[in-house]
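Starting off with a structure, shown below.
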Amino acid sequence: MVDVSRKRVSVRVACAEAFVRMNPAARTALRAATLPKGDALVAAQVAGIMAAKQTAALIPLTHPLPLDRVDVRFQWQRDLLRVEAEARTSARTGVEMEAMVGASIAALTIYDMTKALDKGITIESVKLVRKSGGKSGRWTRK
Amino acid sequence: MVDVSRKRVSVRVACAEAFVRMNPAARTALRAATLPKGDALVAAQVAGIMAAKQTAALIPLTHPLPLDRVDVRFQWQRDLLRVEAEARTSARTGVEMEAMVGASIAALTIYDMTKALDKGITIESVKLVRKSGGKSGRWTRK
Amino acid sequence: MVDVSRKRVSVRVACAEAFVRMNPAARTALRAATLPKGDALVAAQVAGIMAAKQTAALIPLTHPLPLDRVDVRFQWQRDLLRVEAEARTSARTGVEMEAMVGASIAALTIYDMTKALDKGITIESVKLVRKSGGKSGRWTRK
Amino acid sequence: MVDVSRKRVSVRVACAEAFVRMNPAARTALRAATLPKGDALVAAQVAGIMAAKQTAALIPLTHPLPLDRVDVRFQWQRDLLRVEAEARTSARTGVEMEAMVGASIAALTIYDMTKALDKGITIESVKLVRKSGGKSGRWTRK
Amino acid sequence: MVDVSRKRVSVRVACAEAFVRMNPAARTALRAATLPKGDALVAAQVAGIMAAKQTAALIPLTHPLPLDRVDVRFQWQRDLLRVEAEARTSARTGVEMEAMVGASIAALTIYDMTKALDKGITIESVKLVRKSGGKSGRWTRK
Amino acid sequence: MVDVSRKRVSVRVACAEAFVRMNPAARTALRAATLPKGDALVAAQVAGIMAAKQTAALIPLTHPLPLDRVDVRFQWQRDLLRVEAEARTSARTGVEMEAMVGASIAALTIYDMTKALDKGITIESVKLVRKSGGKSGRWTRK
């Protein structure tokens, strides 16, 4: 694990996204919140936030951090469901992994709650969208 | 959570995959195991296996299950690193989510250990490859 | 921890309840789902189910068990919000604690999401409602 | 999750209580520490402290925090066992939920260790007793 | 992780031990239960049992298992405190690691609660004492 | 739990060690990395680091802390495998337990991955080697 004890405490923010591709039946059920397993988007939001808080327990070399905020949001982009996760801390190291884990687990929860309707659901393109704070400053994906 | 108490105990297997796309610098470092954070593939394998075992703590409506086996493997396909995770149980419900979580967290660990070389790494196409066992029997992705 | 290795595997069910008493402002916000923290009932349901699955990690002498089902439901009884949690397993010991933990954490999540409107919220009367399965058979609270 | 990055770090304390009502047989056993499961009060104290430290993993929208102290104490008030949990942090947000979770899980552990003597045990009136620190300052339950 | 799906379910028991060597001041405090941190032996017993239940989350290639029983006991052997942990399951694989983890974490908890009196405390000779069940049958340390 | 709210935040470091004694067959396999379970040393390093981060969830009265760094290293000393774990924080209390837990779980993982070759493996002499930071300053084992 990288030693961060000499880094400066600063506000650090990271935002990641993932896309869930599913068939029309799953999409319709998700949009209408008529899934037998209940309101999947809220459940996925909760799961993503809780997982982001468990990042240090999941990714071996990450630092356990206090977090000032984690949020997970959803947006339909035509047939794809976009999942966005944002994490924020006041700490000595960044929160990219918290955002990436939050987006991934939220997407996996969507998968779990709709897989009865479409076994072939794919989670596409999990990636960092932007980050700020720390020595390297602001970065935005081109 | 779906009630599985009347389902039959059977051997159930699921296999999922994910792909990690990174720039040449990250790829070279990963292949040469010269990363400052150490042997990323073994660490990612361990992280994927351990996360698969935490599936019930991460995905809200999954059932806590004994697991007979979890494995995570890597394979280079030209410029993409393929991550494959397989889970196996003797239980009343399947282990798709264990396989999906294992592949995702292994891929995220690769991301964490190479992101200093490439902030733009993308995890692509996380999906179920095949499953067997239970009432619905064998399914293979086309 | 009591040795259950000689007990018989049977289907065991337990149901517990808790009541949340809050002021009219909190009640109105909860009913209208207009809380700044989002849809509190779904979040509390997810939290209760996930906590029930963590029972063996929370209550020292409980047995780690596979679970066939956990459910959490809400119902308004005049000014009180009733939380009901049900757990089900096919195992050598019962799931009273899973139901009790599920109801408690769901109620505590309601508290967390409404406490900005009412610091004085009280969780009342957390208790077992009924259980079945195992040597002692069916029990219903009088 | 509420963004607390602009809040000031201050010492924050919260104290919560719960009451356990049980029949004379359970009470006698608990007082005499003659339970087959061992010294229930110490076990419940440990369980309450450990659960308070897991608050961010249990309650969806709470912030993971360093904790300066958690304590759990017991007191007989006639036939009721009073459980008191206190949490303390130097952070940007309060520790009400840590105190509430600590009191609840300690009470549930008492329940688990005495339920063989009284299935009807009830946990009554889990609530915040006082808090201090942060913008809203000191609050004491009337 | 070794595939155990073709192994037979049988009752499997494992017992491990550890020894804690400390100076007279720590020993006296521990025996008199006059430690400022409270009754260390009961806390260590609870910690050992709870850690044994977390074995699959701690040791990478262990199988998550239902457990029929975990117990932790202490015994003074002159100046050494002997910690013994026993685990029992009805499963397809053994519980050596559950016993080893239980004994280790119980011993580490003793260390934590007495280290103010003796920084030099040593945990000695953590090892398997005996096991039974499964294909390899009964094994006792010579 | 000791109240640390009035202690000063300072950089605190602790280093612990453990020794694993095994038979020649296990030693040879470990050195040649030819174990059926894979590269045991990297897996044990990852397990030790991840466990150190879980210290507050394992040892009842420890404080949850941000960690600036955890590292686990191995070294052969003739027939013994020495495991060294170092933890570092900027906090109000020390990280002795993080180092002790990291060394113990890394050693137990070695045990798990070689026990098929030697049931009699012993973990010897888990102890603190040095610490620095905080009021009591630097301490080195004699």
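Letters A, B, C, D, E and F mark the chains in the order given here, with residues in each chain numbered from 1 onward.
Keep this in mind: a contact is a pair of C-beta atoms (placed from the backbone, for glycine too) under 8 Å apart; a residue touches a chain by one contact, two chains touch by 3 or more.
Computed from a predicted model, the values in this text were never measured in an experiment.
Undergrad: Identify the chains adjacent to both chain C and chain F in the sense defined at the top.
TA: Where chain C and chain F share a partner, that partner set is A, B, D, E.
Undergrad: By that same contact rule, can you tell me which chains touch chain E and chain F alike?
TA: B, D
Undergrad: If you list every residue number at the chain B and chain C contact, are more than half found on both copies (same) or fewer than half (different)?
TA: Different, since most residue numbers here occur in only one copy.
Undergrad: Would you mind pulling out the distance in Å between where the CA atoms of chain D average out and where those of chain F do?
TA: Each chain's C-alpha centroid was found; their separation is 31 Å.
Undergrad: Provide the C-alpha centroid distance between chain C and chain D, rounded to the nearest whole angstrom.
TA: Roughly 17 Å separates the two chain centres.
Undergrad: Quick check: how many Å separate the C-alpha centres of chain B and chain F?
TA: For chain B versus chain F, the centre distance works out to 27 Å.
Undergrad: Residues of chain D that contact two or more other chains, please.
TA: Residue numbers touching two or more other chains: 1-2, 43, 46-47, 50, 54, 57, 60-61, 64-66.
Undergrad: Looking at which chains touch which, would you call it a line, ring, star, complete or other?
TA: It is other, because the touches fit no line, ring, star or complete pattern.
Undergrad: Applying that definition of touch, give me each pair of chains that meets it.
TA: The list of touching pairs comes to A-B, A-C, A-D, A-F, B-C, B-E, B-F, C-D, C-E, D-E, D-F, E-F.
Undergrad: What part of chain F is in contact with chain A in the complex they form?
TA: Residue positions touching the partner: 11, 46, 49-50, 53-54, 64-71, 88-90.
Undergrad: Can you check the complex and tell me which residues of chain B touch chain A?
TA: 1-2, 36-37, 43, 46-47, 50-51, 54, 57-62, 96-97, 100-101, 104-105, 107-109, 111-113, 115, 119-128, 131, 139, 141
Undergrad: Once bound in the complex, which stretches of chain D touch chain E?
TA: 38-39, 42-43, 45-47, 50
Undergrad: For chain B, which residues count as touching chain C in their complex?
TA: Contacts found on chain B: 1-5, 56-57, 60-61, 63-66, 91-92.
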